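Structures incoming, each one as structure tokens.
Shared between the two complexes below is chain A, which has chain B as its partner in the first and chain C in the second.
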Partner chain A sequence: MADRRRINGPTGGTSAPVFSKYVIKSPEDGSDRPSRTRPGNVPRKMFLKTGVTPSASGSAYLELEASKQSLTSTRGLASLSTSGLKLTCTVHGPRPLPKSAPFSPHIILSTHVKYAPFATRKRRGYIRDSTERDLGVHLETALRGVIIGDRWPKSGVDVIITILEGEEDQWWGDDRGRAAAGAEEWGMMSVLSGCVTVASAAIVDAGIDCVDVVSGGVAAIIREPKGSLMSTMLVLDPVPSEHQEILAACVVAYLPGRDEITDIWVRGEIGPLRSNEKSFSYEDLANNAVQAALGSHRVLVGALKETADMKMHR
Partner chain B sequence: MSRHKLVKNLDLDEELDDYDGDEYGYDEAGEGGGLEELSEEDQENMREGTIKVREALPTGTALDSITDKEIQEALWHYYYDVGKSVTYLLNTYSKAAKKAEPKKKKGRSSYLIASGVMFSQAGEGALGSLADLEDLAREDDDSMVQHCSKSFNFAEFFKDTPWFNVPIERQAVLIPPLYPRGGLLGGSSDGAPKMSKLQALAAARRKKAQEQKSESISEVDKPMASLSLGPSTGKAHDTSLDREHSQSAVEQKPVSRGFPLRKRKNSNPHEKAPKAPPIEVEPTQEREEMDLDQAQNDQASPSAFASTMFGSATTSHRKPENIFTMPYTATIVATSPTDAFAGPSPDDVVLAAQSKASKKGGKDSSKTPKTNGEKKADQIASGVEAMKLDDTPRAKSKNLDVLAEYEKAKTKNAANFVVIGHVDAGKSTLMGRLLYDLNVVDERTVERYRKDSEKLGKSSFALAWVLDQGTEERARGVTIDIAMNKFETEKTAFTILDAPGHRDFIPNMIAGASQADFAVLVIDASTGSFESGLKGQTKEHALLVRSMGVQRIIIAVNKLDTVSWSKDRFDEISQQVSAFLIQAGFQQKNISFVPCSGLQGDNIARKSTEPAGLWYTGRTLVEELDNSEPITRALTKPLRLTIDNIFRGGIQNPLSISGRIEAGSLQTGDALLAQPAKEKCFIKGLEVDQEPADWAVAGQNVTVHLSDIDPIHLRVGDVLCSPSAPINSIKHFTAKVLAFEFLMPMQIDVHRGRMHVAGRIKEIVAVLDKSTGAIQKKKPKIVKPGTVARVVVELDHAVPLEAPSRVVLRSNGDTVAAGLLE
Partner chain C sequence: MDQTQDFKSLQDQIQAALIATTRSAGQISSEDLGFQRSINAEVGPALDEQSARLLALSTSLLKSAASIADLKVPKFEDTDDVENNWRSIVDVVDSLLEKTDTCLDEYTGVIKRKEQPEQASNSSDAKDFFAKKNPSSLGNAFRTQNLVKPQLAFNVKPDNFDNSTWKPLLKSKPHATVPLEESLDFITNEFQQKQYRHPYESEILQLKYPKSVYQVAEPIPYLPVDTTSAVFVDTFEGVLEMLSELKSAKEIAVDLEHHDARSYVGLVSLMQISTREKDWIVDTLKPWRQDLQVLNQVFADPEIVKVFHGAYMDIVWLQRDLGLYIVGLFDTHWASRTLGYQGGSLAFLLKKFIDFDADKKYQMADWRIRPIPDEMFFYARADTHFLLYIYDNMRNELVSKSDFNNPEENKIELVLQKSKETSLLRFERQVYHPDTGKGPGGWYPLLAKSPGLLNNEQFAVFKAVHQWRDEIARKDDDSTAFVMPNHVIFTLAKVMPMDMIALLGAVHPISHSVKSRAGELLELIKAAKENGRNGPSLLEVLQKDKPGTVVTTTKTASDNIALITEVTPVDQGQLRSDSSSFWGGAFGSSLWDAPSTAKNNDSMRLAIPLPDMTAGAFDYSQELPDRPRMAMADLLTDSQQSTPNQKDDEAFIIKRGAKRMSDALSDEEADQRAEEPQGEYDIVLDEEEAEEAREKAARKAKRKAEKKLAKKPKMQQSEDSGSIEVADDDDEEPFDYSKAASVLHGKKNTEQGSSKQKKPFDPYQKSSDAPKGMRRLQTERPGKSFTFKS
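And then the complex of A and B:
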């Protein structure tokens, strides 16, 4: 049992204070609220580069641009700006397993996902918490289906992802104003999809044989005001801070060459909807997530081609 | 003679001379023997070859002096290949001639071999091609020695070299080490190693044999040929050591990378699938052509951060050609490891040879190679083997209708009660006496405790030791953690939760009280003790159990023997306590008082025998307990089980937990969800009251053996629930609380049973009326003790909580409020 006789400091992370002088408008009036500027079927632009860490056998860096808000007042804290996504991935291996490890006829894949302490507006701890472990497990399932494991018996490969900038779970104004119990971790979905794509690039960079390159994609069903009414909509690559309410979201890890899904994760519930709202099925959600995955696949292939060209001195 | 002397007497020169002579002698003998063995056919070949070589050699140079013997030797080495022999002779003898004339050529490059790296000095010209280098290496043998022997000043060499961004012309040029090549030196135009005599002979013989035999290919050969890595031609592949073939593979190397080309599937079958495209996605015609453009579209330019990190690197990454890092070589030499796969592998060769041998013997090989189908089956089998998961068997569910079973079993009423009160009020002793009188513990055990406690000089604690099992508890004479025990009367099966009275262990008391249906408040009647108790934990405990939802309370006025069973004292205490309890929210009818003595055992299981205490005619404590109404349980609600204790390391059951089922039911084989870890697990086995059982229902204290979960996901205070109706982990909640202290937005600890988590009061929404619940004041700055308020609490971690559950808020070791989740 934990020691209850002592008075311990707060165990979790702390939020950086937001001083009112930087907040020009109160968050409640909502005029500062960011909104989605791109159409529903267009994912964010992605920057992907492989071979960024010289000491690793394979590495990649992925970045999703933070959407530029033209309307917002330019003054303010950087931490209040809308979030982007920055991930770096290193792959070490295939390397021999330690002597103590039992024999394995195929490669032992281990994945680590860690938020940097400064990755989100609320600081993260130094020890991996349950969300990070969760991401690691999902990533492992996504990659396990791609790597041809039995080409490396008795060896292991470590995939390590550091999240330098993580997607926020909601707009900071919502976070601050309400004590909403339903603060679901929507940011995690985009992070996972990015993790899959960046890990795939790094694995290719490490030269590990795969059946195909896997890429991640997210789609979500959102509810937002349209005129006076609320309406639901399906969007690719949602940015949680841009939407007032996300009903459900789906991440897939997709192999375009084989039309296979190695990992799928749906969060939230679609129904019950109000009478005038358009209804969607979970299949629609998954299909659109696949479309998003195809988008990131194109970037992935482009980045890999670029690296290959560079290596061949073309 | 000793060995030492023998060594001393050795003539070193003589020994060495002997050795040299021996070796040369052997070589000559070997070669001579080789020539002697020439067959007639070979001799004829040799003669013709010599003539041809003579014709091919240019005349008028130093080459004229080449003797027949030298030509024949060359021919022998190249197996009568005239062209190669001529090249070899030219190279050898023209070089020898050159060497003779004084060499005044300026050293084209000088080498400095320092720590295995070769530096090219700046300004001394670019390097020649690799072929040149090889020649140079041989030619400049002696000049190199001269260079190196010159005194060389390192400081001067590195004088103006910066630490970073070394200009390209000053950078190290790493030259692949000159590996000894296989085969013979010099000669041939292509750099492949030559065959040995034996190999050549074998190849020739095999070729002949091949020609004689028709083109029939062995069963094994076919798959082998298709497996071979080289660019396979239409003709059946000769998997022997055919060097011609492997050479052609080497030449083709840069074109095909040596890996089997796989047939690609359509790269985007999903998009081309005939099914209707998902809504709101643009039509997918001409996707293929658009792909590249779109990739450009999707690709973002790096952000400021990324361009700082990697932006400049792209240009400088381009390395000049022919400059290598150490372990690799530029042009693919036959010795490089990638080439090892160009030809058939040694295994293939052996297999092919074996199959051939068996063919030649004319007998059908008994070991027929595996057919395609068998092979496939093998592959699948090995694949399945690789995929094997955890093989511990999962307990099978019997699919019982637990509620029906429960109805059938019709067990006695079960009730849990918590024993509370100020420290040293005699809670544990009272319960020890109760168990002793009801024969739950035998006399010998109590006798032993009595003896042991006397040794420590605490004879009055003997009965308390029945419940206080821990060594620390016994040594200090205080209960630290909840002690659980059971006894049965005719009507009901009771579980005692003996709570610690000390203020340091209130969290443990909360854990116990959260499992209780009703409470027994023990009050010390001795002079002074009651008064201090009422100020202390008597009050706090009573308030806590009330806010934990306990309705019924029995007050055992203990230690009446110390005040000689004074009725006045009892009445005084009853009056004060009932006034306080009613104020705390208990109803008059749910409060009952029993005067008793834990040490003597009066009015606990038996009526008092003290003559001074005969004035009390009411029920004894046990009768009063029995009088409690059966409690209705939430059997049909979804399962909720708070983990009270985790046991690890058992051999049969590596992971077990215990706890009380708060709602719902479970049975062996059920899947459970552990919150907040969100991990699924399965029930492997079940114990109710230390007896194996197949099912359990709300209200029972169970031990559950779990499988398929890592223990790190479970912690004391976590909730196991049914996966179909899981409890949610939340970080914020609103609660209606009764304040015991001043409340303001502050750091608090939220307790619910065993679970506790740090958090803070974020907002005080309103002060409410105690009885009606109407809002009295909105957004107060502070809440006074004794008032009811609605507060918003934010937690540090998400924890499984749901309305309506009761929570206790503590701060700095004091209970500040308790209330109900909304």
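And then the complex of A and C:
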């Protein structure tokens, strides 16, 4: 569909050129890949604050810290460096439905997730594509049960998330061909978990009644070289560019107060494993994702306490 | 053809005659005949004579024409008759034309009818038609044929019921470092079964490939395919001749064609061997096939390199059927993997090095057909004819890309290592395990991969049918897939037919082995269904082997628990970061800046000096007599003094003790206030009022309890009380989180209790019983409307 409202760049997407002297694919420079320094059960540090957009009913901003990179050959080459995930969410509502809408006894939740065009290494378009719609549907599933909808008949609430910087699906130096190993979108998993957390913070900031505070968490099973062998590990809050191979990942949206999951999304396959590798089940994966969600819940609650204090004193 | 020729000439003659006649008739009639008659006395009688003749001719012509159509033709005597009876002439001509039409239709119909049976029987047409549709599909002539089974003629017939350890067929061991008897001892495999060792195991492990494999050399081009031909070897003398020629070669390329439909274990049907100069195609379906072992003199010779492509099945087949072993294998598939080519198949290599498009459809053909059709012969030959040239090129590339000092970069050595591993593969007999279903031919892998779950009876039927199928396949020496494909077993297990008609309907396609034993099968299904009710369930069997099951959960559970509990102690300081790399110091909303400005009240300097904010300014005592002193001044000084010491953001509520104008409201407010939790800094200005308020609260609580019971009727009464009571309801019941509906299972509850659920709010319910207005007289219809003024 031709987008005639703007002067668009080339349709295939552009990326800044990387000069070959920075991309030396020899075994000594394998250390360029950012590596995971935190232990497997510790999620990344999160910065979460509400009230970033004062004109909206509620808003929140979430940022995850960047992964540490060895500053050898990519020094000064901004196009190859990455920082963490950055999301901003605005909530508008509850506001009355348009006259044309049929009567609804409960609130109508609509979610929109959009990558900013500069959010990923390959430039995105201005119009929502299928991955963004997917994320929107997952987010809606996650939030739908949490909002007490019956208190707001004939009303609607809009949750709009803009991804300012997205997670990479793989390290740029890995350069897997399109056909090889599939273009797996592992970055989307972390993005979804961040979306759930930030949307929940914004909804509370907007003062919409909720049953509990929902938070998102993500866990993954990775295959990494341990010494000379490859072994599988279960890690929380994976960063796809830090790992050579991700076998499976799981995102959950979790309500700690009621011990319920509102949304779960698993991607990838665990088996077949080699003989020396630990075997995990999908239940393990989901349980650990719930643990990750608990971690982000603590951050969320801390941020919301600050918000509540600030609002009370106005 | 002659007829048409005649017709043409006839037609020309008639046409010529007609033209001449018409011309002359036209010429005569254009003259003034009456004048001519009167002038010349002879003209009259001559004309009359001619016209009488013409009339007679036309009468006889019409008569003959009319005889076909059975019409009556009047006699013409003079010209007037012609005009008077014109109608009947026209009838005759019409009937003639009709007859012609019918004849023509019949004739063309005959042509069509004659052509149809010709087309059907003309197979080349059908083939062309299909070739247009699907050029790559195998013709019926090449698919699995119902031939006499070649294995019935073998000297050593296959015995499918022999479950003992398979012994290698080797009778003598050329190029041996370990003698034959010593190399045929037992080893235990991973299933704790005793198996015969690979006879050439030590030779392969110690093998040093000839130097030529490690050197770059100019690739020797292959001989052109069109001018040379392959030798078809089907006698033992031919084999010996071939052997003598092979012994002088340095590299040979080998490939096999295998048939697996009409044999339980499978049959090696053809062996293709090529050297630099010559190609041979050996018929391995001869009765004396095991004597081909003599080729071990070349195949087991470490000085001759044997080039295969994708040898992992070929090695096993060679051992099993012909007793041949390969020492010195080079597998081009491993070479292409190591070199990182995009494709690993022979077709890819052929395309890359020779630009030859191999027609892979013959892989599925029946290779037992003798004599071998030309296309299949050519395809078989092409498999090995080019392989040595490909080997040359790949070897050169491997050697040039290898670093001999670095074991990981020694690509050629890697390929040779992998090839050695491949050549060490052994054949093991496929044993059927009915209870566990494991093993290559068992039911377990089928069920583990199928998506739907079977109940106990279905599971028992599945196992029984699967076992029965294996038995009859062994008996009839056909493959299990030919006897009964897997999907049929699934159908039978799901449907569980109880009578013959249902059974025959379920088994699609049905093979002769099954058809002849249909009664047996039916009994089997019935018996299995009976016993299956009490048997093991599929779920248990499948879960027994999943990772993290009963046996191993204790280990993994504890691992996971360890993992889980370690997360929680991480404190918030470690989880939360205080600054954003995106915003830096300036976060979006100024709301966050407010506390900092509020803190410096004292240091704020305003442009306009504030009025005197002394206590006197707040002295209301004179102006408002009905309000008692609020003592706000005291209050303020207190607070101003206290604030520098205490925190600024401590909330305090000023509660008024006096009653306001409207009593009703004040009642509520007092009650509300009394209910609010009293904070540290809360100021109650009127102690008496507070006490009263508390008593009121107690009374109110009692009243509320009564009200709750009588809630419903009261709601529908007066509106005044109604609004207050609604406000009350909001007050008394803050949202009870513990009692809220479960989010995870929310939908189920509503579905079950939908009948009990309150109807959702219907805004139009009140107006449904109102009298309906009159129907509009003038309803608007689509289309243009006009207003008529007159």
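Heads up, the rule we're going with is that the second predicted complex is superposed on the first by the 279 of 314 C-alpha atoms of A that agree within 3 Å, B and C clash if a C-alpha of one lies under 4 Å from a C-alpha of the other, contacts with A are read in each partner's own complex, and residues count from 1 in each chain.
Here, a contact is a pair of C-beta atoms (placed from the backbone, for glycine too) under 8 Å apart; a residue touches a chain by one contact, two chains touch by 3 or more.
None of the values given here were measured: they were computed from a predicted structure.
S.K.: For A:Asn287, is the partner it touches chain B (first), chain C (second), both, or none of the two (neither)?
M.R.: both
S.K.: Let me test your reading of the model: by the given contact rule, A:Ile7 touches which partner, first (chain B), second (chain C), both or neither?
M.R.: Once the two structures are laid over each other on A, A:Ile7 reaches chain B alone.
S.K.: Quick check for you: in the superposed arrangement, does A:Asp158 touch first (chain B), second (chain C), both or neither?
M.R.: neither
S.K.: Using the superposition on chain A described above, determine whether A:Asp309 touches chain B (first), chain C (second), both, or neither.
M.R.: It touches chain C, and chain B stays clear.
S.K.: One more residue to check, A:Arg298. First (chain B), second (chain C), both or neither?
M.R.: Both: A:Arg298 reaches chain B and chain C.
S.K.: May I ask you to decide whether A:Pro43 touches chain B, chain C, both, or neither, giving the answer as first, second, both or neither?
M.R.: Both partners.
S.K.: Let me test your reading of the model: by the given contact rule, A:Ser130 touches which partner, first (chain B), second (chain C), both or neither?
M.R.: Once the two structures are laid over each other on A, A:Ser130 reaches chain B alone.
S.K.: For A:Gly145, is the partner it touches chain B (first), chain C (second), both, or none of the two (neither)?
M.R.: A:Gly145: touches chain C, not chain B.
S.K.: Of the two partner chains, chain B (first) and chain C (second), which one does A:Pro256 touch, if any: first, second, both, or neither?
M.R.: A:Pro256 contacts chain B only, not chain C.
S.K.: Following superposition on chain A, which residues of chain A contact chain B and also contact chain C?
M.R.: Of chain A, residues 40-41, 43, 45-49, 52, 61, 63, 65, 86, 105, 234, 257-258, 284, 287-288, 291, 294-296, 298-299, 302-303, 310, 313 contact chain B in one complex and chain C in the other.
S.K.: Which stretch or stretches of chain C touch chain A in the complex?
M.R.: Result: residues 546-548, 556, 559-560, 563-564, 566-568, 570, 572, 574-583, 587-592, 594-595, 598, 649, 651, 735, 737, 740, 742-744, 746, 760-761, 763 of chain C touch chain A.
S.K.: Please give the residue numbers of chain A that touch chain B in the complex, ascending.
M.R.: Within the complex, chain A contacts chain B at residues 1-2, 4-5, 7-8, 10-12, 40-41, 43-49, 52, 61, 63-65, 84, 86, 105-106, 130, 134, 149-150, 179-181, 183, 234, 254, 256-259, 284, 287-288, 290-291, 294-296, 298-299, 301-303, 310, 313.
S.K.: Would you tell me which residues of chain A are touching chain C in their complex?
M.R.: On the chain A side, the touching residues are 40-43, 45-49, 51-54, 59, 61, 63, 65-66, 83, 86, 103, 105, 145-146, 148, 153, 164-165, 209, 211-212, 234, 236, 255, 257-258, 260-262, 271, 273, 278-281, 283-284, 287-288, 291-292, 294-296, 298-299, 302-303, 309-310, 312-314.
S.K.: Enumerate the contact residues on chain B facing chain A in the complex.
M.R.: 264-265, 267-271, 273, 278-282, 291-292, 294-303, 305-306, 309-310, 314, 317-319, 321, 382-383, 385-386, 481, 504, 507-508, 676-678, 716, 730-734, 747, 756, 758, 762-763, 792, 794, 796-797, 812-813
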